[in-house]
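Alright, structures below, take your time with them.
Below, chain A partners chain B and then partners chain C, in two separate complexes.
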Partner chain A sequence: MSPVLFQTALYASLALCALGLVWRASAWFRVRIGTDARAVTPSRRIVALFRGSASALFSRRLFAVLGAFFLDVLLLRRLYTNEKLRWLAHLLIVVGFTLLVLMHALAPIVSAKLFPGYQPTLDPYLFLRDLFGLMVLTGAALMVLGRRSARRDLTQTRDRFGAAFMVLLAFVLVSGFLLEACKIASPRAFYRMTDQFIGTSDPRKLAPLRALWASEFGVAFADMKRPIDPLLVEQGRKLNSESCASCHAKPVSAFVSYPLARMLAPVTSVLDEGHAEVWLLYLHVFACFLGLASLPFTRFFHVVAAPISLLVDAAARDRASPGQGFSSAGRASRRALALDACVRCGICDSRCSVAPLARYLGNPGLLPSHKLLATGALAGGRLLRTGHEDEALRAADGAFLCTDCGRCTSRCPVGLDLADLWEAGRGDLAAAGLPTPAQWVQARPALDWAEFLQARSGLHDLYDPDASSALLSAGRSTFSRCVQCQTCTNVCPVVAHSIDTGHGIDLTPQKVMNLLRLGLRDLALGSRMVWDCANCYQCQESCPEGIRVADIMCELRGLSVQRLGSVRDWKAPA
Partner chain B sequence: MAAALFAAERGLSCIQIGNSGGLLFASGLLDLLGVHPVAEGRLWRSPYEGLAALARDEPDHPLARVDAASVRNALETFVAALGSAGLAYAPLADRNRKVLTPIGTVKTTFGVPRSMVAGSYALEARPPCLLVDFRGLREFSAAQIVATLGDRWPGLRHQQIEFPGYEAVPELYAAHLARALESAETRGRTIALVKPLLGDARVVGFPAVLGLARAGAVHAAFEAALRIPVFEIPTMPTSVPGLRLQGALESAVSARGVQRRQQARVRALSFEADGGSATLELVGIPGGERVLARAVVLATGRFSGRGLTADRGGACESILGLPVVQPDSREAWHQRDFLDPAGHAINRAGLSIDENWRPLGANGKPAWPGLYAVGSILAHQDWMRAKCGSGLSIATAWAAVDQVARQLRGNGAG
Partner chain C sequence: MKYALFLGCKIPSGLPAYETSMRAVLVHLGVTLVDLEFNCCGYPARNYSHEAFVVAAAHNLALAERAGLDLLTPCSCCFGTLRHAMRFLGEDAQLRARVSQVLAAEGLAWSGKSQVEHLLPVLARTVGVDALAAAVRIPHAGLRVAAQYGCHALRPSDVSGIDNAMAPTLFETLISVTGASPVDWPRRLDCCGDPLHEANTALSERMTRAKIDDALASGAEAICSACPHCQLRFDAVQADSPDPSIRTLLYTQLLGLAMGLPAKSLGL
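Moving on, here comes the complex of A and B:
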């Protein structure tokens, strides 16, 4: 490969990568999420970073940062506690890829300096290169299989760039193995080396060496007669030890490339004639450069952002609780950093307590991974666009139907404070004029909604048992034991405190249950009781007949958003 | 509840499965035996004399199987436990008391909460009395009581007032008022509204809304401020006294170490042969649960409590399908007259037991050595018409737990 071409491509990709990194990292100080973040200037956020870093480096918190580096960044402790198989896959990729880069890609400045006798064709490097490559491929395969076996529904976010980057990574590895296999099997490479180091490429003079390399080094000579004479092989061994052994070990230890070379043996002459060794080298190297240049622009930027996020958290960890150790400027940066540090693993989605509701409503906007993207889109001004009101409303429904149970935060393998991000995002949505479901539902009385729904959707039958037969609120067995004893109302703190005529509730829990019993569900959807319910579960726990009153209220809120949302009018604010 | 309480008092390790269901519908009054024979509607001043007559006339009646001393002990222990949980009852005498109902009829009962006992005395002496109710509280009408009793109680009058803070609310709920009256400010404003209305009244009655968890203190505060005896009248179910009773019982059993699985239901109950352990598979709680027990007390109630279920073919015991004593055919369940004073045969349906409170299987022998049955699921009684619901539950629980303790001691379990 031409050194000029190589260096030009290398420096160009390095420059692109560096520019990308700076641009992406600058977002941590530019992007504003949450109304409190608007009052903080980028310069204050940069100052906060330096202050925070300095105070952590020169205090006992340094040990916490070092601990986090080893346990959380290198050993992926948080992922281990969540999902062992995914942890294994991730660890294989991280360890394999890091060592491959250090030992192989950066060989002249790392391996050659650390190990003076380093040659890529000697053991153990021959073995290790294949081992590291296989680790990455195995890890990637485990991840792909894991994603394919997971539910293929709305929980998965689409990311074409990410997928392309994964293909590129796989290409780098596969082309690397192929390149090595081609080199092992190639007679052309053999003669080039003998010409250079023995001074001849005459097959007759090299017969003993050819015999040895054909039988033990995997070179696929098309003109080699079989069986190979063992005496000739022994003669070749002497020549090999004099001229070749200092740089070449038997490639059998390259346990992936060597079998691949044996498989390629029948077509080696074709490959040699087509200079496969050369163009595979170009493909391999340029794919690496392309990956390097594009890394900051894909979601795999998390390989930079996630460790930083973990270390930043560790630096502030000795405070009372997560997030407490940050100033308003630090918090603002941390939220922007979270957008990049998310590894899109989907663990938050799988643990989300409103995931069943998201599936029922067909609105992925309720799920953490989608909320994170929507939060970023809103902060970047991409969410509120005329003509895309529905997208914005679905994102708002998702944000506001979150129960703040905190399971996403507690399970995040990168330790992102998602609860804080959701709260800040809701502030932005409200500031952008996107109403909460409670606000837009309560803008009309319940009866108005029912009539409006009937008029707009053309439904004449308010009871829709077929569409909702699996739901609590439509199941006949749900209410068959209700005796209207009004225990639910008696213990309801919301009813007890609704003593103002202007803001009192319209229906008591018992009346809501009665409407459902009568099949008049749509009359209850817009009720204040449904939306003012505090989810304290006293009704459900006290019901002598075991009716799931609180669960039904929760379900009705979801149904309201779906059914009333289909007929609401809303325009994006100018 | 009573069985769990008595088991815990005896130091037995106990787990209670399922909610207390109908307890919420209770009036807070503890009936022992009010009427016997049911068909004659004879009221008993002394429940113990009534029980003796019951034992003679209906030897199969569950209460006939419990001796008077045990009944006394059971009720005293039960009331003392409620007292320890903050729900005070008037001292138990050997006689029944009369109390007012929210529609002005008179009920014969035995154990009366301290907050209601002044009404019982007033009903006997009939002094000038003011009954107060609150506008919007549908389940109680002082005017109705006066209309029913006024001709026999000349000094009885009523007044309706607005409940402070709820003036704008069209419909009131007793439990909310009870909680509100635990606030000194609301209490003070209510008392200030009532005081000018007292006139010559020597006793004043309210719907049973004087406090919930701190009912004793609220009642005492009313008496101290109004300076005459104050009494509560039970309201329609679900009433505040029912909530108080449930709350006090839950506190009492929890304080005595009973493990409770309120939201759980028993999906399956199986027994090892020849004694050993029973295995209960619970559902309705996250992840389910499996419980091993050396004795199981079935206190699942009748139809309302879901201990029995009924279909066109007849009544069945819900968990184990134990044989149910019941009329031979569905046609014989009810009398021709719904209000027949003798009651209906289906209201005496339930489980047959041996002398040790163990329900009988199809072969007429105990279904399992460690299985016991108590309360309204037992056959040969019509607790509603005999006014013996609480007494039946408490006394049979006491007797059965006594047998459980003997069994476990016999097994070396203590």
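Moving on, here comes the complex of A and C:
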């Protein structure tokens, strides 16, 4: 390969990679998630990082950081406790890939310096290269299989760039094995070496060596007479030990490439004619460069972000209360970092408390991995663009239905504080006009809502033709017994404690029941009382006529989300 | 005595001491707890869609049914929600058919075999007051305690049915067993304010504060809760308030201390 081309491509991809890394890392100080992050400037966030790192490095917390580096970053402890198989797959990839990069890709500056006798064609390097490569391929295969089986259950986020990167990685590995196999089997490579080290490429002079290399080194000479004379092989062995053995072990220890070379034997002459050795090398090397240049722009950027996230957490960890060791500037950066550190493994989704709801409602926006993407999209302004209204509303539903059970946070293999991210995201959603239903419904008076509904679908909507359930609020018999005795109102703690002028309740429970009795359900839907109801069941328990007042209030809340939501006409703030 | 433990969402994230103390106490009383991977009981979804709430609850009920166990929950809100879902499934055949379809897609089914039990009646009746009395070693002599049931443990009585909803005595009996004295406080059956915490924070805090003040005025030294929502709400309102405060305890902690269990094993 032309050194100029090689170096140009290498430096170009290194430059792209470096630019990408800087761009992505700058987001950790630029992206604002959470209303508390808005007041913090990027420069304060950078200062907070340096101050925090310095204080951790010169304190006892340094041991926590070192511990996290070995256990969490290198050994992936958190993944181990969650999913053993995926842990194994990930470890195979990380260890295999790291060692391949160090021993093989960076051979001139690492292996050659550390091991004076290093030759890629000598054992154990010959063996190790194949071992490391196979580790990566096996790990990747396990990972793909694992993701396949997870996908059956839950809608995982689609990620074309990530998938393309996986294909590229596999291509690097496979092209490497093929390249090595081609070289092993290639008579052209054999003659090139004899020419260089023995001073001849005359097949007759090299007959003993050819016999040995054909029978034991896998070279596929097209003109080799079979069976090979054992005496000739023995003669070759002598020549081999004099001229070749010092830097060429038997390729049989390349336990993937050697069998591959044997399989390629019938087509070796074609491959040699076509200079396969040369273009495979180009493909292999340029695929590596492409991977290097594109790494920062895919989700595999997590190889940088996830360790940093784990180490930053360890550095700031306060034993008494995890996550409390951060300043507001630190918290802001930590949230932005979390967006990049997420590996999209989907473990959070599979353990999510509302996963059955997500499936039933057909809204993956309830699931943590999707919420993380939506939080990022909202912070980046993408969620609020025209045409993304549905997506934004689904994200708001996800935020509302989250129970804050914390399972995603406790299971996250990268240790992301997702609970904090959801809390911050809810603040951002509210600021974008997507608060909880209680807030958006109560932002307008009941009469306004009733007018919206009337304009769209008619006010008198007592017997909802769309209602598939036997709704209490729509039933003829539900209220016929109500004598408007006001017991429900008299026992209501909300009524008793509503002393605010202007923000008190608008309708008492008994008045809500009366509206329903009159068939004016849509007028009741937007009432403050419906969302200020504490669901304590005093009314229902005390009703002398056995009317299920609290159950009806619950039902009205659900109906107000659905029906008022349909006339809400939410638009992203300009 | 073997149950599938239904912790709900609030306890693991906000009040792990409830789980710790409950396990510590029940293991001594011969109650076996089985851990299944449950989901949200459906309580928050009830404010979103009636059917979605029933689906979420039924998913849990079906999981317990598959394991052949009844559910035991220390959360009054989860208890009420799961019981409500059973009621709706029982009285609405169309709903039941649709929910069954959703469950079937996940290889689950609901037939109503698994019952939903609250911690208080299981302690008072299944384990039994006598067994509790026998387990008590260090009675809380003279400690005046206000019992906080948690609304959904009591109301509506045709769903919960653990005691007379207007004049319950079950929790007071359980407090007496530990040697402590139950306090009669006028607001004992009132809502703690937690459900309104997000929708109307000021109103919610007034409700919580009124209960705390009432317990103090009635001479209580501690409020003892049987629901994580109430316990957390009392603690949150008292945390940043200059007003007089009262000690809060979970019933499993009160009982565990009386049984002579180390405070650490009770999350104290």
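Keep this in mind: the second predicted complex is superposed on the first by the 435 of 574 C-alpha atoms of A that agree within 3 Å, B and C clash if a C-alpha of one lies under 4 Å from a C-alpha of the other, contacts with A are read in each partner's own complex, and residues count from 1 in each chain.
Keep this in mind: a contact is a pair of C-beta atoms (placed from the backbone, for glycine too) under 8 Å apart; a residue touches a chain by one contact, two chains touch by 3 or more.
Please read these numbers as outputs of a predicted model, since none were measured by experiment.
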Touched partner set for A:490, first chain B, second chain C, both or neither: first
Touched partner set for A:516, first chain B, second chain C, both or neither: neither
If touched residues of chain A are counted for chain B and for chain C, the larger one: C
Chain B versus chain C as contact partner of A:407, first or second or both or neither: second
Contacts of A:419 with chain B and chain C, given as first, second, both or neither: second
Partner chain in contact with A:541 - chain B first, chain C second, else both or neither: both
Set of chain A residues, in rising order, touched by both chain B and chain C: 498-500, 541
Contacting residues of chain B [partner chain A, same complex]: 19-25, 165-166, 168-169, 171, 173-176, 179-180, 237-238, 243, 262-263
Chain A - residues contacting chain C, complex: 351-357, 359-361, 397, 400-401, 403-407, 410, 419, 436-439, 442, 468-471, 493-494, 497-500, 503, 531-532, 534-538, 540-541, 548, 550-551, 554-555, 557-558, 561-562
Chain B-touching residues of chain A, taken from the complex the two chains share: 485-487, 489-491, 495-496, 498-501, 504, 508, 541-542, 544-546
Residues on chain C engaged by chain A in the complex (per definition of touch): 8-10, 12-14, 37, 39-40, 43-53, 55-56, 59, 80, 84, 91-92, 94-95, 98, 102, 106, 151-152, 154-157, 165-166, 189-191, 193, 195-196, 198-200, 202-203, 206-207, 210
